[in-house]
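In the two assemblies presented below, chain A is common to both, partnered first by chain B and then by chain C.
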Partner chain A sequence: MKRSRTTAMVQRIAAYVTIAVALVLTLFPVYWIASNSFKYDIDIFSVPPQWFPVNPVLKHYHAAFVERPFLQYALNSLIIAVATTLVSLVLGTMAGYALARFRFPGQWRYQISFWILSTRMMPPIVTIIPLYIAFNYFDMLNTKLAVVIAYTAFNLPFATWMMKSYFQDLPVELEEAAMVDGDTRWGAFLRVALPLARPGLAATSIFCLIISWNEFLLALVLTLTERSQTLPIGIAGRVTQYNTYWGEISAAGFTACIPIMIFAFIVQKHLVRGLSFGAVKG
Partner chain B sequence: MASVKFSGVTKKFGSFVAVANLDLEIMDKEFLVLLGPSGCGKTTTMRMVAGLEEITSGDIYIGTDQVNDVLPKYRDVAMVFQSYALYPHLSVEDNIGYPLRVRKVPPAERKRQVAEVARRVELDTLLARLPKELSGGQRQRVALARAIIRTPRVFLMDEPLSNLDAKLRVQMRAELKHLQHELQVTTIYVTHDQIEAMTLAHRVAVMNRGVIEQLGTPKDIYNNPRTLFVAGFIGSPPMNLIDGEARNGVFTGPGGIRVGGLGRANVMRAVMGVRPEDVQVLAGNHGDANATAPIYSVELTGESTLVSVRAGDHLLTMRADKNFAGDFDQMVGVRIAPDRVFLFDRESENRVDF
Partner chain C sequence: MTISARAELGSALERWGERHLRVLMIAPAMVVLLALTIFPSIYMFVAAVTRISPNPDVPWEFAGADNFLRLLTDEQFHVGLWNTIVFSIFSVAAEFLLGLGLALLLDRYIRRLNFLKTVLMLPMMLPPIAVAITWKLIYEPQFGILNEIMFQLGLPLQAWAGDVKLAMFSIIVADVWQWTPFMFLLMLAGLSSLPVEPYEAAALDGASAWRQFWDLTLPFLKPVIAIALLLRIMDALRLFDLVFILTGGGPADRTKTLSLYIYQVAYRFADPSYAAAISLSVLFATVAFSTWFIKRMRLAN
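Right after this comes the complex of A and B.
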């Protein structure tokens, strides 16, 4: 009895230690960015390190958001990320539903699903030159629309697959019941399948949002102007030939984390699975 | 309210034939039970009426309308699923009112009708709950209420009682029967439980491997099984089916079973069928016994005692008086009433008249 209590105690301590280590590893860089963004440049590189900003200042925020166009970059990022997420979600949900529910001759369901996924199997960099040429041809370089299109093309396969798997987990009888009750296929999708796939919608949207908020490579190639560049490009632009503006980078970087954190916080309650529990079986 | 007619209906899944060339007419207001083991095609048959499965060939009519390619929503049928298929994100009230909502019935009228139906199935105090907050029996009632809130032309019920516990099942069975009588709606009911079939149906269609083996009233199916499958499927405990040989009206089987008086029956590979209640157990050695065999088991069911004796490699079960007393391996005589015996041909599995 006593022995097992000791074992349980040890296991508990081990668990807490593991969690603590993981938290430090993931949160410390965020803390360090936040802390540096409030320090004078000289304090950022002080030895020994200054763990807390001794004389907190907002000059880097002023430099980034007032003197330099980081507000514009943030707005561009927001528009591009939200638009990409909405389009990917709408198209991915409908494609995923079709792949989960509709009848396909022979192996076609598998073939089409695999083909969709396979578009993600090449490294994105190989598509950059063709994309650049295509957007240049349509005179769409340096537009947010071009970035949204490119991001949607990359997010859609994942959105489709994620939604497909969510719909496949829903009991098909619920939609059958709706149709026998007098609903159309579209009505059953809208009134029954979609509300029940809410955890899937939440997970897919946060996934799309993070990917397009953080994306660097495509945006770097497709945009050059202030009106089209996103936050990651703006931040990278503060590494210049003569100087690296660590304070501004930290201020902009820390600000860039905040919207995603807020969004994740809002949708996390929808991420809980099991809404459909109790639908079938007594 | 309408009849339902199958005319040469076949359903294939790939190369697997689920339903083969089915001809069946279900009368207006009739309660028809499709009975059979799992995989016999009974659920597929019902889903074809609902429009949830396309038919491979043949025609289905509801009333006078050919509905082969009609969408489920235009067929005017209501279905109770085995899993109930309640919408988990909607309250009991919205679940029951769903068929009215999609038909654009105004909310006030919808509310009134839901309240009325809920009262009928004793759910009126639970309207605000979600399905997951209900017991199995209550969920079943919600499914039922959703089906009866409008008066459809046909009710379809797919093993609606199989997820309930035994006691509730008996109670709901009676309620279903009463409800169908009251509403006078044509009903197709799928089950693998022969007791449900016997108690509920006006007519039973016994299905096996995609075809109807026999169609008739419960009484007819019980007293007059036309194939070996039907004989073995209907009745609890099941009919004794004993392999042997029939020659000149005399059946001889394992363990010295000998039953005469079977007309002039001549079947090389015969199966004798006799129900447990038509076999009598005789105390001790009797001259006119059809067999003498050792007792294998004695089971008291309450209203009677089931006695099984060993006859060769077969067990012969009979229903004896509840006061019957006997011990394992005790030798008893067995008397089989010849006029209650069925003979089947092992080759064709059909009944042989004598």
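Right after this comes the complex of A and C.
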């Protein structure tokens, strides 16, 4: 009996050690980029490496956000992410509600839902060439609007499925009661279902914001100018064949991570549902 | 228009809207999605069977299956295909094993999961470009932290992402860092919804922890595992950001993935027809694979 208790103890300690190692491995790269963003160039390049920024400076933040247009890039990212989220959320919530609540003839509801989901699964590299040609034709390359339209193509199916699943979780009786009291169907949606689905709306919009904020390939192809490029494109632009501006990209890269780290704690509870409909990855 | 007439028109409109509400609510989303997916699909099919000249004044020429036949002899495509498959198998397998192991540990040993879970899932939410430059910094051969660790351990220094033999390994490690949390989270969700009774019965029968895992946990988790694997494989097959920043496809094309190759064909070689043919083939292969996988795992519902 005593021996098995010792074994259990050893197992427990081994488990804690493993989890601690996983935590360190998870956090170290994030710490490392943050720490390098606060170092002088000479300390970034020092051998052996400096584990802590001994002389912390905001030099690289100044270089990136004041001297170079990273503030503009961040602003573009923000505008594009918010606009995409608004469009996807409004259209996706209505479509999601219709799919969750209304009768459709035959198998239509199932087929429409599946078709909408399947558009989310299309690899971006497939849609990107025609989108590029189309935006070129309408003279819309290098505009934020083009990026918003492209992003809507994969945020909308996601928002629709997320909202559909949240509406399905709500009891129908409350809306029925409102309609018995003389409210219209639209009124029941607006005044009863929508307020109840608030947590779902919040989670869905945060996921849409993250997807758009993180996206790289589409923005890379559709934008070439400072006025339209997003933060990831700006960062990639400072990794050139001849020189990599480590300080600047560390500062910009870490800045790009900050809103995400805050969001992560907010959507934590919704993450599993979000992931199964394709959240996070653009 | 009198006030009463206007009110009448208003209520007529309202009634009409009520009657067609289901169509009105779903139509905007469907119209937008149709426009954004049907047009690109048609364009891709047309482009794949034509020869598009870079000169816009030259009309498109019908090329039949030429673009697809090129795939058979195009060595760059074969290299890209091979790299993509190698990357997908190794990264997804590692992510799955690590994610499952971590989920089992946390499920068994940690009571208050929430905070820890949030910290451990961080990597997958971060912008892939930020992740790529972070690992570029870690792999840097001259002053990178990884070589410092190698040095401290008395191991030979490496060029990592710049080394012909280690480049793919380096990409896989960075991807595993970012996406293990995905597997971990889905496995943890699966574990938390396991029924208790079978385990109590098994414990009464004196089944070992290993037997319980093999005979109970794995079969119960199977649907979650299948979905998680499918989602990750589909993502891995389109890897772009990491290689674009870390290696640019090199050295010696060792990390050139299909997505990167399509990007190069379309924009560097300005050959949209061939790029369309590759994209369609890849899309077709992906759809065929997922259909097979879903059938195999009996996931239809």
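Just a few scattered comments:
Definition applied: the second predicted complex is superposed on the first by the 233 of 282 C-alpha atoms of A that agree within 3 Å, B and C clash if a C-alpha of one lies under 4 Å from a C-alpha of the other, contacts with A are read in each partner's own complex, and residues count from 1 in each chain.
Definition applied: contacts are C-beta pairs under 8 Å (C-beta built on N, C-alpha and C of every residue); 3 or more make two chains touch, one makes a residue touch a chain.
It should be emphasised that the depicted structure is a prediction, and the values quoted were computed from it without experimental measurement.
Of the two partner chains, chain B is the only one touched by A:171; chain C is not.
Once chain A of one complex is fitted onto chain A of the other, the partner contacts of A:244 are limited to chain C, with no touch recorded for chain B. Ranked by how many residues of chain A each touches, chain B and chain C are led by C. By the touch criterion defined above, A:8 lies against neither chain B nor chain C after alignment on the C-alpha atoms of chain A. Of the two partner chains placed by the overlay, only chain B lies in contact with A:192; chain C stays clear of it.
In the overlay built on the shared chain, the residue A:184 is in contact with chain B and with chain C.
Within the superposed three-chain model, A:21 lies out of touch with both chain B and chain C [touch as defined at top]. Contact with neither chain B nor chain C is seen for A:58 once the two complexes are overlaid on the shared chain. Common to the chain B and chain C contact sets on chain A are residues 184, 275-276, 278, 280-281. On chain B, the positions that touch chain A within their shared complex are 50-52, 71-73, 75, 77-79, 81, 83-89, 98-99, 102-103, 130-132, 135-137, 139-140, 146, 156, 163-164. Within the complex formed with chain C, the residues of chain A that make contact are 12, 15-16, 18-19, 22-23, 25-27, 29-30, 32-33, 36, 44-49, 91-92, 94-95, 97-99, 102-104, 112, 116, 119, 121-131, 133-134, 149-150, 152-153, 156-157, 160, 184-186, 210, 213-214, 216-217, 220-221, 231-232, 235-236, 239, 244, 246, 249-250, 253-254, 256-257, 260-261, 263-265, 268, 271-272, 275-276, 278, 280-281.
Touching chain B in their complex are the following residues of chain A: 171, 173-174, 176-184, 187, 191-192, 195-196, 275-282. Contact residues of chain C toward chain A in the complex are 14, 17-18, 21-22, 25-26, 28-30, 32-33, 36-37, 39-40, 43-44, 47, 102, 105-106, 108-110, 114, 116-131, 133-138, 142-145, 148, 151, 177, 181-182, 185-186, 189, 227, 231, 234-235, 237-238, 240-241, 244-245, 259, 262-263, 266-267, 272, 275-276, 279-280, 282-283, 286, 290.
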